[in-house]
Amino acid sequence: MYDVVDYVLNTTFNLGAAGWVVSLISYLMIATVLFLVAPLQMLFLTYYERRLIARMQDRVGPNRVGPEGMFQPVADAVKMFTKEDIIPAAADKWVHLLAPLVVVAPTMFMFAVLPWGPGMTPIDMHIGLLFFFAVSSISAVGLMMAGWASYNKFSLLGAMRAVAQMVSYEIPAMLSLLAIVMITGSLSIVDIVQWQGGLFISSSDVAGVPNWGLGWFVFNPVGFLAFAAFFIAALAEGERTPFDIPEADSEIVAGYMTEYSGMKFGLFFLAQYVLNFLLCAITAVIFFGAWQGPGVNELYALGITPDNPDGNGWFNVLAGVLGAFYFLFKTYAFFFVMVWIRGAFPRLRVDQLMDFGWKYLIPLTLVNVFSAAIWVGFNNWGANEGFGFAEPLGDLGRWAVAFVLTLAINIAAYIVMTRIYGETRRVTFDEQLADTAGLPS
Amino acid sequence: MELLIQIIFFLLAALILGAGVMVVAVRNIIHSALWLIGSFFGVGALYLLLEAEFLAVVQVLVYVGAVSILILFAIMLTRDVSGQGERLLFQRWWLALLVAITLFAAVITPTLLAQSWNVVPPTGPIEPGQPTGIAGALELGRGFVHEFLLHFEIAGVLLLVALIGAIVIAFEERNRRRKVLTLAEEHELRKRREQTSDANASESALSAPGHPISQSE
Amino acid sequence: MPSITATALRERMERDLPGVAVATRPRVVEAESKPKAKGKHAAERPDFLATNDTVVVADRLRDAAIYLRDACGYTYLSDIAVVDYLDDGLFEIVYRFYHLDDGDALVIKVRVPRDAPNVPSLTPIWPGADFHEREAFDLFGIVFEGHPSLIRIYMWDEFEGYPMRRDFPKQGDKYIDE
Amino acid sequence: MTIQFERGKVVVIDRGARKLRVGQGMLKGMAVVWHHWLKSFQKLDNFSKTAGVFTVEYPDERIKLPEAYRNMPILLYDDETGQELCTACFQCQRVCPPQVIHINQARNPETGKAIPAAAEFIIEYDACMSCGFCAEVCPFDSIKMDHEFELSTEDHAELTMNKAQLSRPVSYYERIAPTFWAEVKASAYKKLQNSVKRRVDLIGIAPQMVEKVKAMRAAAAESEATEAAPSSAPTKPSAAETSPATDKAAKLAAIRAANAAKQDAGNGGTSTPEAPAGDDKAAKLAAIRAANAAKKAAESGEGSASVAPAAPEAPAGDDKAARLAAIRAANAAKKAKDEQENS
Amino acid sequence: MIKTEELQINIGPQHPSTHGVFRMLVTVDGETIVDLVPVFGYLHRNHEQIAEVNTYLQNMPYTDRLDYFNSMANNQAYAMVVEKLVGIEVPERAEYLRVLMVELTRILNHAGALGFLINDMGAWQTPLAFGMREREKILDLFEMASGARMMCNYFRFGGVVRDLPPAFMPLLKDLLVALPAFFDEFERLLCENEILLQRSEGVGVLPKDLAISYSVTGPVLRASGIPYDIRKAEPYSIYDRFDFDVPVGSVGDVYDRFLVRVEEMRQSLRIIEQVLEQLPDAEGDHINPKAKQNVRPPVGDAYARIESPKGELGFYLVSDGSEKPYRYKVRAPSFINLTPLGDMCRGYKVADVVVILGSIDIVMGEVDR
């Protein structure tokens, strides 16, 4: 973008703008585009979810506004805008007002590091992944503000639950990502995506694998367990069923949003759906290779790249379109799974949620980190690191050994953990009584 | 570019200082905590301006995302939720100011004295021999496990101790823990107590609520 | 197979718990109800008090109920109904017990004067009587002695009067007039 | 517990306590939902299906209502002659649980004798509970339950229906419930013939048919006149004329009615307050007050032998609410009178 | 040590999962329930008083409005008590029709109740939608027979309003194909779902002997392990002609109540199948004896009860010989089943309250009367 703006300003119009002006303008333009994308995603997702879940329930879903109900979200938005904004008399006015903003703003930031296609990452930070999660943790503050400022017991309860849940589930999410970061050795999202070329086996692990853009992380045991754990944690962070406890409408009405109405409520809604989109997107990025897919790399190689400055720009566009298509397709597929889960399951109780996170997911992801170490050892380390014995196996052999080993470890861990967890859940009546023995009558 | 960075720097500095003053100036303790978050955030942005991206992100992750949440939780759980209580420190603000200035001076004076000013910032590629600033994740990681291993370990032990301490404080012994009995537990307990206490208590048990009914003699 | 009829119950109760049951006129089941002249039904007052069920003294209600539960095995208290016999100046409270194996109900009735409707509460023995008794208190003003929280259940707490009593004004009371 | 029933047994539910649960139950559930998602592109058009969209997209798509469907009561009249099947026998008014049917018996304007037709027939749709008792008890098959359910209105008072709004031709009912009508058709028409014999003039003609019947009769009379001497046909519509009135007037009338009734209690005289037209609320209130007053009057005036309570005549205005009020007041008065006589 | 404060929360009267205008005054310690007081009466209309002003027949449609989910069952209980009081015989065919309708009602009630229960647990409508789908079909059948979907008013003293229309039977037979599939699917969707198990196992336990002294009825009583079904204990109507089992639970928690209801639907289906076998042979021409509707029972009292889907539904009538009941009392199962709610919720979490309430299955129209 910088180049384009620079070209337009300084070459075409010959304005002689300073470098920082050009940067500022180009960043503003990117930001504008992203800020437009976010609400549109939200509008689409609400429609998509409602139609999908209706189908799962043998209904039709909204189909009155526009063709097949396409403009239903627009109608909803109009409704939101025209509703009266109610601030409870006892509420803290300023905090009440700021809370939705604090919740929405970080979700917008998170778009900054999302790779839409080859060479289409708004900002390629070398700590992009960390940035993504650091920023997402800010919205917890907003939730807390909302719950506290509303001066309502349900709101406060909801905010406490929301924050406790977000903070708790960040840990398994991070731990499952840690395994991936260990394998790639980079926090940069672009690097992680780049790593996932190949065909079921990453070309970074085994050189010479045909690069069809299918060397995704889910295809190895470490990545798969990390993916499962991460997706569960993402459900919890995005407050989706079965972890939609903070806004459990059957218990605490609407949680921290209880006292919000009109556009402020709309902002919470926006933040939630954008966050859901982002979580699906990041799942697709990290475990499913984002824009990686058959054909993208080949097309991109023909376009203008740092390696190939003489390429044809049209191939860039083609690769971009195809990559964005793959990326969005994967993202929406994950959103489909989210909706599917919402259609099928009841929700957990708040203590069960905490138990699940702390007693099940975290140990499981820790085991996965161990598996990742084995994976890295077998695939990447040589004699220097003490893995000389693996060298004679050759690339493919090392990969196979790592695959089998980690698979065995992970499956064993899953079954053992599930059984232990299941046993702790099923406390017998006598044990319960033993807990309470010697109580006052 | 320089100008832009300077403008941004002053804006950020104003934000940090202003927020810091508001932390001690506002009466409502929740507002105070929220201003603190603002201040943390400004510091994070400042790191970004210094091109220490990793530090900036960690600042946001740790301070804004975790520490401030803990602070808010602590305030909300320990005080009246309305947060309208008077703050004790507010009465002798000049004393607090004095202490703050002294402490700040104690920290900043050696820095100011030892600093050699007007050094031309390094431009161009860093030469191999020159020590690089620790800003990236990789360097930081290497630093932790090589140069600063002892510090790292000590910090880890400290955190562990803190963790255990927190558990000890929060843990209540089982028999002192308040537990609300459910109906079934209460019933079972009563039944057992009746069985053990007296075999011929059947008469008094007649009028006890929830008397077990002899179903099939 | 429990098969205690209403008459058998009265006999057993007289044997085991003397002085609990009250003598009543038995109700004669008419083979065919006499056709009455229309509009004249007000002339002769219906005889409500004749009954085949056991009527017990109000103070001994608990004894009778416990007797039903323990001696007869009728453990399940199903229903408590109040009938206001305005002309006779009585409230009749109908307790309905069931055996959990089989069979019809055993009914015991308590009759209390309308101006002092005090009955011992069964809630301490049968927690299930709680709402029944609160309902009877709310709508009829029967006072159940020994009930842990005898407060109104349907009407709001400030409501005056007992709406199901037959002398409660049907129209034009102060709530409707507003 | 080992209880044996005569037919069937006691089954203790299996809770599956010993099963290993590693998430297969959740996967099963998701499979069910997936199945429904796949099947949702067809319609559930058959009761034996358990998947497929079962939404009825209401304004565009309507299910055929069964014949027995009952919504609100309507009155039937004969298509050709316009004769109403109703004879004002008061059966429906008596059986109606929420007491929303109000009937005024038609009287011969000359002799004052009752005619088997309703001068006015009012049903308060807003309070009707659609139980269908009226249609069930009607011995003349005149009152039937309609299938029309889109009755919403902006004005509450519009839900008080008078005879003109209630009347439907027989053909309409035959269309919505052909077999039901076929069962009773013969006897209904036979009974109608009987009551038509005792009707005079246009009394008993459905309001919307009055003009038509008039024209028909005039035509018939003309064609007759060409053959024979012209017969004088006094046409005096039973429907009352319009009179503009306000709700103030209604209130006034109510007070007057109440006062009159009170006076009656004292002097035993007769008065006939006219229930005026106007705002229906006021009118209803008036009716209730009048009725109460009449009742009270009847109760208090026990000494006087011939207490004639307030018996309002046919209402002056055309406003149905006012008429309703009048009918109510009249009925209350009548009842009060009955009680008076009984005691 | 760290102490927590008790907090009072009002759940309801306007709350998404209180099944109507129902309030629970909850005292919580953290998230644990210390005390719960049910408060109701917001829908009170003095139904019993209204009934004393109406004639016996006029009360029939009012009983529809008690438990508006199961108007057929209410109709049956009321018709039975009047028939008992007056001594009216019901023709055989009418009895079969009654059983058919009431068992269909049981299926639709349980389908709805389980759907709402899972909704209270946080599922987003899917089980409810599936239940409602089957309920719609049954309501279509009701509409065909009685003329209304919910306020059926189908029963008369000594019979029913009218015989089944010719289109009824084919549809019912179609439905009988769909229902077993629906039950299987419902079980697959939920019965083994780990989340549902976590939410319901050991929650809201009502021990066996307490269930008796608390006077709970219906599925709640049976889930606590007591095989008490009025259709078996005191067979009314023609229930002694059918084979069906009585499902009972073993623990008495929410999960048992869930499973018992699922099994009861299957048993109702069995009864319906038997009704269809026997119905063509059943005689009775005058299933709507119009002449017997204006009853004037002799002086006396009568009580009749049925196993309504929610439990023992009883009507107590006292007659003074006139055309209006002297006293009319409803023994409403929802109302009595609410008695142990406060005690049952004690010691559980806030989120369990709505689940326990849902597992009791109340309808406020019947609770408040």
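Labels for the chains are A, B, C, D and E, by order of writing; each one numbers its residues from 1.
Keep in mind that, in the parts below, contacts are C-beta pairs under 8 Å (C-beta built on N, C-alpha and C of every residue); 3 or more make two chains touch, one makes a residue touch a chain.
Bear in mind the structure is a predicted one, so any value in this text is a computation, not a measurement.
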Greatest separation from subunit D - chain, by CA centre: B
Chain with minimal offset from the mean of all protein Cα atoms: E
Two chains joined by the most C-beta pairs in contact, as defined above: D-E
Centre-to-centre distance between subunit E and subunit A (centres being mean Cα positions), rounded to whole Å: 46
Intercentroid distance (Cα basis), subunit E paired with subunit B, Å: 53
Averaged-CA centre spacing for the pair subunit C and subunit B, given as whole angstrom: 65
Centroid distance [mean C-alpha coordinates] between subunit E and subunit C, Å: 25
Contacts with 2+ other chains: residues of subunit C: 75, 100-101, 125, 127
Sites on subunit E at which at least two other chains make contact: 126, 130, 133, 189, 193, 195-196, 201, 210, 212-213, 226, 340, 343
Junction residues of subunit D - those touching two or more other chains: 1, 3, 21, 23, 26, 29, 32-33, 36, 44, 54
Partner subunit B, residues of subunit E touching it in the complex: 1-2, 29, 32-34, 205-207, 209-210, 212-213, 252, 340, 343-344, 346-348
Subunit C residues touching subunit E - in the complex, by the definition given at the top: 27, 29-30, 33, 36, 41, 46-48, 51, 75-79, 81-84, 94, 96, 98, 100-105, 107, 125-132, 135, 139, 152-156, 163-164, 170
Residues of subunit D defined as touching subunit A within the complex: 20-23, 26, 29-30, 32-34, 36-37, 39-41, 44, 51-55, 57
Subunit A residues touching subunit E - in the complex, by the definition given at the top: 53, 56-59, 153-154, 157, 241-242, 244-245, 248-253, 342-352, 425-427
Footprint of subunit A on subunit B - complex, ascending: 1, 3-5, 28, 30-31, 34, 37, 41, 53-54, 57-58, 60-61, 64-66, 68-69, 72-73, 76, 81-83, 136-137, 174-175, 179, 181, 184-185, 188-190, 193
